[in-house]
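The following pair of complexes shares a single chain, chain A, combined with chain B in the former and chain C in the latter.
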Partner chain A sequence: MKNNFLTIVFAAVLAALASNNAHSKDINLLNVSYDPTRELYKEYNPVFASYWKAKTGDTVTINQSHGGGGKQARAVLEGLEADVVTLAIAYDIDQLYQKRKLIPENWQTLLPNNSSPYTSTIVFIVRKGNPLGIKDWNDIVKPDVSIVTPNPKTSGGARWNFLAAWGYALKHNNNDEAAAKEFVSKLFKNAAVLDTGARGATTSFVEREIGDVLITWENEAYMVLNEFGADKFEIVTPSLSILTEPPVAVVEDVARKHGTTEVATEYLKYLYSKEGQEIIGKNFYRPTDPEIAAKYAKQFKPLELIKIDQFGGWNEAQNKFFADEGVFDQIYGAGK
Partner chain B sequence: MKQIKRKALASLINLALLGVPVANAADSEALERRIRELESRLAKMDQLEARLEKLDKAAALSARPIDPPPLTNPSPEVIKLTRKVNTLERKLEVQDEVTTGALKKLPVFDAGENGFRITSADKKNQLRIGATIQTDYRNFLGDNPDAWTGLALGPVGPDSIFLRQARIVLEGYLLKDIYFKIMPDFAQTSNTANMLPDAYVDYAYATQASLLVGKYKPSIGLERLQSDSNTAFLERAFPTNLAPNRDMGIQVHGGFAMPGYKAETAPGPIDNKNAFTYQVGITNGTGDSGNPYGNGAQSTSSTSFTSANNKEFDGRIFAQPFQHSGYSWLEGFGVGLSGSFSSPDKLVLNNQRTPLGQTQFIYYDAPNTITAGSTGVITANGSSNRIYPQAYWYKGPFGLMGEYVASTQTLNGSDPTSKVNNITQTNTASQVQVSYVVTGEDNTFEGVKPMRNFDPFKGSWGALQLAARWTELNVDSDTFKMIDPTRSASKATAGTFGANWFLNKYALIRLDYEYVSFEGGAGTKTGSGEASKYNITNRPSEQVLSTRFQLAF
Partner chain C sequence: MNTVTKPLYKDKIVAQQRALQDPDWVKWSLITIALSFISLFICIPLGLVIVQAFSKGLEAYWSALTQPDTLAAIKLTLLVAVVTVPLNTVFGVAAAWAITRFDFKGKSFLTTLIDLPFSVSPVISGLIFVLLFGAEGWFGEWLMEHDVKIIFAVPGIILATLFITFPFVARQLIPLMQEMGNQEEEAALSLGAGGWKTFWAVTIPNIKWALLYGVLLCNARAMGEFGAVSVVSGHIRGMTNTLPLHVEVSYNDYDVVGAFASASILAALAIVTLILKTALEWKQTNR
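Then we have the complex of A and B:
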């Protein structure tokens, strides 16, 4: 009697599993991201895939594409079929609406925290021992200092770098824009090479040993120490920097075509979950979940953070500084 | 070791001397001396062996590369130079990355075998720029038509050199599937109807069904559908005259391949690539040899003669049923049927012209004043239809084409008091043409491409095609109840011989001779009132010799 019962239960479980598998789907997602998030999504994606498998029985494979944020946005506009974008600045994602209506106009309100599941800031990396005694922004505009930063024309991170420097210069020059322009002119004069993206800049600084100072994302800086050795490099946190808020969005037009809207939305929502925020914290991004943020607060040095609002938002900042013949073109030369 | 050797040597010698009587003291002494000599030599050999070992070791050592000592303390200048080199290398890499990315997005400009093209980097967009220039010389042999008719012969006078076509072709596609063609003809400034022969968009999303909208050749006559640059003769035969030249409309068309093969995209109203094709269209309706004026918008004035609200429906099916059949001699065979139906409302009819001479020989604007009234223009008004069987066959250098048309229309006069104000006319026309490429190149519906371009210094002369054609047009006898039989012929028969010299795939020199004979079309009117009658004679035959220099790409 008992054996028959167990047999029946066992058979029922097998049948349920078979039934589940019979309806399970294989789904592919393409996440088009900016340059330094490789390690983050390498860790996050399998965790999400397991979560989704347990929840729905479907197998989701996430393919990643990384590059300078501006370049990535242009690629999506030109036809790269991204289900989700996780880019460096809101302006780049907004172009997907402005130019091709691939996302809704109110995309930034669809996820918490202006669709930014993590934040970061901009810091410096110097050679071990800090031979040039770099402490703050005014040290890296000195004549004998060679810096590495990506190109603001192609990299979202580089635009954050630029605005952080501009913000510092404004603060220390009574909001004098001419002085700020002079300041960033000196900064870019010291640029040894302008890579297309943040990871390229890291390669130049770390592997090719170019430059004295790398201006980069805070999370990238910690990654460098982790990967390449804290005995070779140091992080210098300036007195003032900018709160970087890399946003994320489902490319609804593409997801609808692929039939991946539901999983793509959940993929981004899961970044806000405790598990997602833990991975974010472990990868040296600043989590937005207060509980997880508090847990990882000690790994970040305190500093004054300005926000993009100070520049009137991204649209205004882009037009003023980074559009053709904007401030960056004026100081560095158009087409470079 | 030496002791052992000494003893061994002594033993050997003793053994060697075994059986030998005991030597005397002198012999023993000699033997001792010999042993000492041998020992000395052994010692020397040991020394030599040791020296050899040393030399071997020394040689082995000298073959091993010696690593330079590491640079433990590079000078600041070296460090500076190294960093400079690294920086320059990295700058080059970044520049390469940017340039490669930019290059991938650059459009491709192609000026060569396929004309002039601009294609986007993703190959989804293309613009092709072409042109056709035709300069003709037309020489009427024998009787000058102008002399005996005393009438204007139309825009082209006898024995003249004139620009037959000066077309710019802009065609291409956008987003892979949206084809377009705009083709103005600047040689037609005196005839605005012909100034823009083609202007259409064709959404060829699926080979089975594409949508074409604009101004185009309605898919009715076979020779009309052949490109002007590719016909075997300078001008088309009579059947083409009984179909519209161009019209404004919308057409659904598609093509199907033989089983197991994939259909090819064939934008435009002509598809000779696929095994089975169809075209179904609705147009304004422009009548025989018709061409819409201006942008084709129909006038709403009640006094103008237009087809107004009544549209023309046309359809065609064509098959090349032996494609991929393995019967190579039949693969170039095509057969089809087209037709049209309309109900025009006072559509002004075009006078009919001879093929090569382009002289008018049927005058719808010259009414039969005896029966149809002294004034008035004959128009098509009412039911009108055409049936158009057609076929061609090309095999190697040989080409054969034939078509027949029966065109029925209702003619209406504008004079309500005339005895005959309304007739149904069925005109028929037919043609058979044969062509042969003497130099051996393939003869095709799309023309001839010479294997070797004209280059006499290298002994190559291009390609030569010879052609002959018979064509006839029969006018329904009832027509002459409404039009003047002494002006309009009831029948015209033309024989044409042509030679086409292809200098290369773009340039061509043609020479045609045509002889046209007529039945009717001449005579006098005698009597008056009720006693009026026409004394009909045959219009003199027409002989024309015409040449054309053509560049088309």
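Then we have the complex of A and C:
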């Protein structure tokens, strides 16, 4: 009799525990991202959480860490346990495979569009009225112009800035590499500060009022106009820029350990859904879904966009331009 | 003879006093310079923090402070202080005791080592821990295998703060204990008190104000440290951001009220520390 009673209690407790588990798990995800995505993921995370709650009943809390993309990748390599990374350039995410095999080699093929749910480009912000009459890249290499950009060594966005300028110089100098090098070295001679990340550069330009031109992400530029009012700043879209493709990936090694592979994958996939793409468009990124992209197309000015493929992909570009002793080291050392 | 020398002697004294005293204009201009420097570099920035914090009214200030991320930052900062300050108090007393009461080889080396956290940039202090405990560091593999998180988690933040604040207590005690000498303790011992009793009944009462002062400085630094903590934190909102890091994050989010509201807490802490410090100094001199 007593034994029976114990068995029933035990079974009830087990059942309660099991049903508890099956019904409402509390899941924590860590998204390690680059600088200008703060507002995007602040808006996206609760939308995904309620989608996931409706679908599975589980409560998911997404924690965010932001910083310069290169620095963030470094932190994940050194043990920051990110379930997903959403960084500025593919090279930084690729390091997670190259250095520690945290992700599979084919990570960029696992999600549509080279794993980039949103794209953007590089534009300029100038002070209201455009007092220096800046129109294109050749205007900002002139001797008396002071520019603000983050440091290509630590910031993915800055590497896009560098490559956009390089692409422009190549086009206007019959693909002459030496001329491009001189052009970009003039550009960095004009740099007033090199912050570690895009957001630091924005605060330098906007709040500390340093420099005449800020070279930054298109989405960051529109956010500045939104946040600080169009009466203080103007966006200048150059004739040519680079199509920036910030990729995303599940850090499989970490997610497996946390038991979050499924929710982490869905978290990234949902970025491609209509709801996700709407949030992306609203935050001034370029949606990759054609329908939503068309809806938000009029908020951006048209321009010629080159792609990273022109530089032979990120690994080649990184080695040539940004590795130690690379082109950036040569010109920035000489530029000073 | 006497009648002649006396006034002469008096004149000499007055002349000597004059020579030792600066003219009034020197005194007043020095005072003006010092005061304007202090108001320019301390009072005005401190005032600005308060003004910015309340720029959108009391309600915005309060809601900024009661945000979950801010509360988490406050909690973490308090936790770090509660762990590091007592530990460094014990270490500091032990180190000061060893250095002032014993003679041993490498004593001056130890004294230099205690100063190391003062002379090394906090960023380097943080990187030391990343190199030791990071996934690619010396102990990284072992820690991963045993699922122990140090870097980018609370233990790393505590370790870095422990390192940075190590010298404060010892540095306050060493000069005082050197000056005191150990006669009183020797007397206590020769009268039959044990080592422990001597420590509590003789040493502690002698050093208590300096000790408290050291603890206070240690606490202020533990709560305010930025550089070293920034390197090991990972900057996860609501989890590994201490108050100083939270100030930076909010500022970069264009949340000016949030940034300065958090900064106002740190500023208030600094003011309380100053008041307590003044009180302690007053106690020490009026003992």
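Going forward, the second predicted complex is superposed on the first by the 311 of 336 C-alpha atoms of A that agree within 3 Å, B and C clash if a C-alpha of one lies under 4 Å from a C-alpha of the other, contacts with A are read in each partner's own complex, and residues count from 1 in each chain.
Everything below uses one rule, namely that a contact is a pair of C-beta atoms (placed from the backbone, for glycine too) under 8 Å apart; a residue touches a chain by one contact, two chains touch by 3 or more.
Nothing here was measured: the structure is a model prediction, and the numbers come from that model.
Undergrad: Do chain B and chain C fit side by side on chain A in the superposed arrangement, or is it a clash?
TA: In the superposition, chain B runs into chain C.
Undergrad: Taking the superposition on A as described, I'd like to know which of chain B and chain C A:Leu30 touches: first, second, both or neither.
TA: The answer is second: A:Leu30 touches chain C but not chain B.
Undergrad: I'd like to know which partner A:Asn63 touches here: chain B for first, chain C for second, both or neither.
TA: In the superposition, A:Asn63 touches chain C alone.
Undergrad: Quick one: chain B or chain C, who's touching more of chain A?
TA: C
Undergrad: With both complexes superposed on chain A, which partner does A:Glu227 reach: first (chain B), second (chain C), both or neither?
TA: second
Undergrad: Applying the touch criterion given at the start, work out whether A:Arg38 contacts chain B, chain C, both or neither, answering first, second, both or neither.
TA: Only chain C is touched by A:Arg38; chain B is not.
Undergrad: Which partner chains sit in contact with A:Gly200 here, chain B, chain C, both or neither? Use first/second/both/neither.
TA: both
Undergrad: Contacts for A:Glu209 in the overlay, against chain B (first) and chain C (second): which applies, first, second, both or neither?
TA: First partner only, chain B.
Undergrad: Which holds for A:Gly79: it touches chain B only (first), chain C only (second), both, or neither?
TA: A:Gly79: touches chain B and chain C.
Undergrad: With both complexes superposed on chain A, which partner does A:Arg100 reach: first (chain B), second (chain C), both or neither?
TA: second
Undergrad: Out of 133-141, 187-195 or 205-213, where does chain C run into chain B after the fit?
TA: Here chain C runs into chain B along 133-141, and the other listed stretches stay clear.
Undergrad: Do chain B and chain C land on any of the same chain A residues, and which?
TA: In chain A, residues 78-79, 200 are touched by chain B and also by chain C.
Undergrad: List the residues on chain A that touch chain B in their complex, please.
TA: 71, 78-79, 146, 154, 192-196, 200, 204, 208-211
Undergrad: Going by the contact rule at the top, pick out the chain A residues touching chain C in the complex.
TA: Per the stated touch rule, the residues are 30, 35, 38, 63-67, 75, 77-81, 99-100, 199-200, 203, 227, 257.
Undergrad: In their shared complex, at which residues does chain B touch chain A?
TA: My answer: residues 82-83, 86-87, 89-91, 94, 97-98, 101, 122.
Undergrad: Would you mind writing out the residues of chain C in touch with chain A in their complex?
TA: 130, 133-137, 140, 144, 147, 149, 151-152, 234-239, 249, 251-254
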